[in-house]
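What follows is a set of structures to go through.
Shared between the two complexes below is subunit A, which has subunit B as its partner in the first and subunit C in the second.
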Partner chain A sequence: MKLSTFSKKAIIESLNSDGLALKIGLFNVKLSSPITAVAEHLICLYGAFDTLHAEDFIDFNVAIEAPLSIRRYLRPQVNFSLDGFIPFKPLPYAQAAAFFEWGLNWCISGNSNQFLIIHAAVVELNKQAFIFPGAPGSGKSTLSAAMVCRGWRLLSDELTLLCVADGLIYPVPRPISLKNQSLDIISQFSPDAVIGSIVHDTLKGSVGHMRPPDNSVDFSAIPAQPAKVIFPKFKLGANTGLIPLSKGKTLLKLAENCLNYSVLGLDGFNALGQLCDASDCYDFSYSDLDEAVALFTELAV
Partner chain B sequence: MFKNYTVALPKNAGISCYFASDECVVYHELSGKTHLLDEMGGFLYKAILEHCLTRPQLLAHCVATFELPVDFDLEAYLDKLIFDYENLGLIEVMENY
Partner chain C sequence: MNGSSIPLLNAVFIDPEIALSLDLPQWSLLIRQARGANVLPRLGHFFEAAGLLGQIPAKALAHIQSSLIFARRFERSLQWEITCIEAALKPLDIPLVFLKGSAYYVAGNIAAQGRIFSDVDILVPEAILPDVEIALIKAGWMTSNLDAYDQKYYRQWMHEIPPMRHLQRQTSIDVHHNILPKTYKFSPDAKKLLANIVNKPGTNFWVLAPEDRVLHSATHLFHGGEFEQGFRDLSDLDLLLKEFAHQENFWLKLLQRAEELKQQMALCYALRYTHKILNTPIPPEIINTANKQGNTVFSFTFLDPLFLPALQPYHNSCNSPWTHTARFLLFIRSHWLKMPPNLLIPHLLKKTLKQFDTFLKNQH
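Showing the complex of A and B:
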């Protein structure tokens, strides 16, 4: 059953008791949290996700809770935990929901070595996956948010899971993290986009999450064939420019954007080689989202 | 640098290559590092993958394949390339007496 079929009261009760278990892409995630903002985050952004049964195996058993210290009351904070282990320092209480998203990124990137994990957004149209690797600030999330607002399928805005065994991209469609001016840009680009609560003063500035399209969530069991690797660079006032990039340079740049390349070793290198062989590769500069989406839609025909 | 040498792949280093067009990307399993070789480097590395080559053979390969500017100091360029690749563990260099 989809989460949207549950009442707010039922969701809060689940989060407060045994935890609420959701199917998120390939992963079964159980979340416990007594924090209302976390429940509201799930209700707003995870409505299309399937809930799991009590007997289902759970990959990540996580919790967002206030620490058992004075910081529960004085300038309150929250902890993220995985199976009771707290890997990070606590964050301000207001960042509880965002902490769930960041923590889940950490869970996936540290425990999915059947995949080469590329720090990249990935979207698909006409059975062609476009991969947008890039450092924070390169504009990959903004670009992927705009593309899914125009009908592309979201596979991920942050973690591209390239299967070492079959060379396909496995989806983990989750809320898209938007920061600072990207929040306004996407709100103007697509007034129908659902963006959850915005938290300010995080290490990344102001952060909000955009709800993934329902059909992207519905198709999250279906992997995609890589077709393009595109390194985006948002630059205010820049013309839309798509410049072919050699496969050798692409492989090297991809390796720099992988999270577990050194763990996988030769398997990771071979997976990148196959990805480059299967893809056209480009550098891309842009400032106009409409032009960017139109260009990529044309490329995907 | 030796005056004459033979270049070979290092034994048990776990070298893997990805070739695309005139590019060569080398993965060195022991160091875990990935290197993008330039056009001439990639060409020579491909030749070294097939069998050991001496310095005169490497020079001959370059002269036969690339249109080099008249003032290009190929010997110095090659020696530097070989020195760098040896330092990266991509090749073994043995002196010829």
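Showing the complex of A and C:
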């Protein structure tokens, strides 16, 4: 049953007791949290996700809770924990919901070495997956948000899971993290886009999350064939420009964007080699989202 | 622990086959306990050795495979680290003796499979400690950033110099001249340890004799005060004992060696608790003799309620309401054993004052 079929009260109750279990792409995640903002985040952005049953396997048991200290009365904070283990320093209370998303990224990237994990957004149209690797600020999340608003399937805005065994990309569609100006840009680009509550003054500035399209969530069990690797660069006033990139350079640039490249060793190198062989590779500069989306839609025909 | 039932992880460590009858929520719990106890790749090796990997539900298998891939990478970097240490110490022309995890790896012990740890430990004669330290510094290792008191504490009383970290690789090495601090009354004569070291053929890599490897593992666990890795360390002992049990006269040599190295107490605890918690097959007469030799200070009625909960897997589902207290009391005990009161009290006082000082500085 989808989360949207549950009442707010039921959702808050299960978050407060044993935890709320959701199927998020490949992963079964059980979350407990007494924090209302976390419940609201789920209700607003995770409505299309299936809930799980007591007889299911749980990959990650996570919690978002305020630490038990005197500080909670002065300047309250929250901790993220995986099965009781706290990997990060606490964050301000207002960032509780975003902490869930960041923490889940950490869980996935540390425990999924059957995949080469590329720090990249990945979206699909006509059975062709387009991979957008890039450092924060390159505009990969904004670009992928714009594309899914125009009908592309979201596989991930942050973690591209390239399966070492079959060379396919396994989707983990989740809310797309948008920062600072991107929040306004996407709201204008697609007035229908649902964006959850925005927190300010995080390490990354102002952060909000966009709800993934219901379709992308429904088809999250179906892996995708990689077709293009495109390194985006947003630059104010830049013309839309797609410049072919050699496979060798692409491989080296991709390796820099992998989270577990050294863990996989030779298998990781081979997986990247196959990915580059199977894909057209480009550098891409842009400032106009409409033009960018139109260009890619044409490329995916 | 729920009542008298043992944690799932213990049961599967004792007999991996029982995992085949688990339902999915039990598999979730097993993976969680194994991850908490830092033995997930070891669990994977057990399943592999028993030929069961193909029968594990896909969801659970994914976690096991992922950890096995990480463990393989760890082994590659360990091999490289060992090579680098060998190159750094080559000019000294000494046997390169590894301890604990890196020793299990060098010796090819089953206990090395899927064992993830952070430092490489080596043992050198105390007389050449300064030379070793300088050779390592020349090769890029740095002494850790401790204040004068801690430096002095290490060098005056401990069995190792402060941990050294490599500037580029950020790896860490502990250089020991003994296996227990000088302040212990059970501190063995390190010359006896070095006299029995075993060579890995074709290399300058050495490890302690099998009995000494067991005794070092035992003394580390049962004199130490931290139990986050307690279950993993207990499982090391279980695996070492099972592996060495096939060697001729192993048990008798073990008992005898414990006396020579003053490790009777550690051995008696090691045999008792591996047997109790992991069902390690140990001849009853060996356990009896070890008890007579070792258990002089406290009776088991006092120790069992501390060690039995403390050595369970480090996971909420394996805790009783008493577990935290038991671990804390054992932490106190480890300090008590380590230092006689005339050293311990000034040390604790100094540490407390130092913390207070840091606290005051942070306020400004």
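Keep in mind that, in the parts below, the second predicted complex is superposed on the first by the 301 of 301 C-alpha atoms of A that agree within 3 Å, B and C clash if a C-alpha of one lies under 4 Å from a C-alpha of the other, contacts with A are read in each partner's own complex, and residues count from 1 in each chain.
We adopt the following convention: a contact is a pair of C-beta atoms (placed from the backbone, for glycine too) under 8 Å apart; a residue touches a chain by one contact, two chains touch by 3 or more.
Quick caveat: nothing in here was measured; it's all calculated off a predicted structure.
Asks: When both complexes are superposed, which of subunit B and subunit C contacts more residues belonging to subunit A?
Replies: Here the partner covering more residues of subunit A is C.
Asks: Is A:D277 touching the first partner subunit B, the second partner subunit C, both, or neither of them?
Replies: first
Asks: Identify the partner contact of A:A221: answer first if only subunit B is touched, second if only subunit C is, both if each is, neither if none is.
Replies: Touch partners of A:A221: none, neither subunit B nor subunit C.
Asks: Examine A:F57 and indicate which partner it touches, taking first as subunit B and second as subunit C; both and neither are also allowed.
Replies: second
Asks: Using the touch definition from the top, say if A:S262 reaches subunit B (first), subunit C (second), both or neither.
Replies: It touches subunit B and subunit C both.
Asks: Under the stated touch criterion, which partner chain does A:N113 make contact with: subunit B (first), subunit C (second), both, or neither?
Replies: So A:N113 only meets subunit C here.
Asks: Is A:L251 touching anything from subunit B or subunit C once the two structures are fitted on A? First, second, both or neither.
Replies: first
Asks: After lining up the shared chain so the two structures overlap, which partner does A:F85 touch, if you call subunit B first and subunit C second: first, second, both or neither?
Replies: Touch status of A:F85: second partner only.
Asks: Which subunit A residues lie in the overlap of the subunit B contact set and the subunit C contact set?
Replies: 262, 265
Asks: Would you pull the subunit B residues touching subunit A in the complex into a rising list?
Replies: Against subunit A, the touching part of subunit B is residues 14, 16, 18, 20-21, 23-25, 27, 29, 32, 34, 36.
Asks: Can you tell me which positions in subunit A touch subunit C when the two form their complex?
Replies: On the subunit A side, the touching residues are 28, 54-59, 61, 83-85, 111-114, 262-265, 267.
Asks: Please give the residue numbers of subunit C that touch subunit A in the complex, ascending.
Replies: Residues 23-25, 27-28, 32, 35-36, 57, 59-60, 62-63, 65-67, 69-70, 72-73, 76, 315-316 of subunit C touch subunit A in their complex.
Asks: Provide the residue numbers of subunit A that touch subunit B in the complex, in ascending order.
Replies: 246-249, 251-252, 255, 262, 265-266, 269-270, 272-273, 276-277
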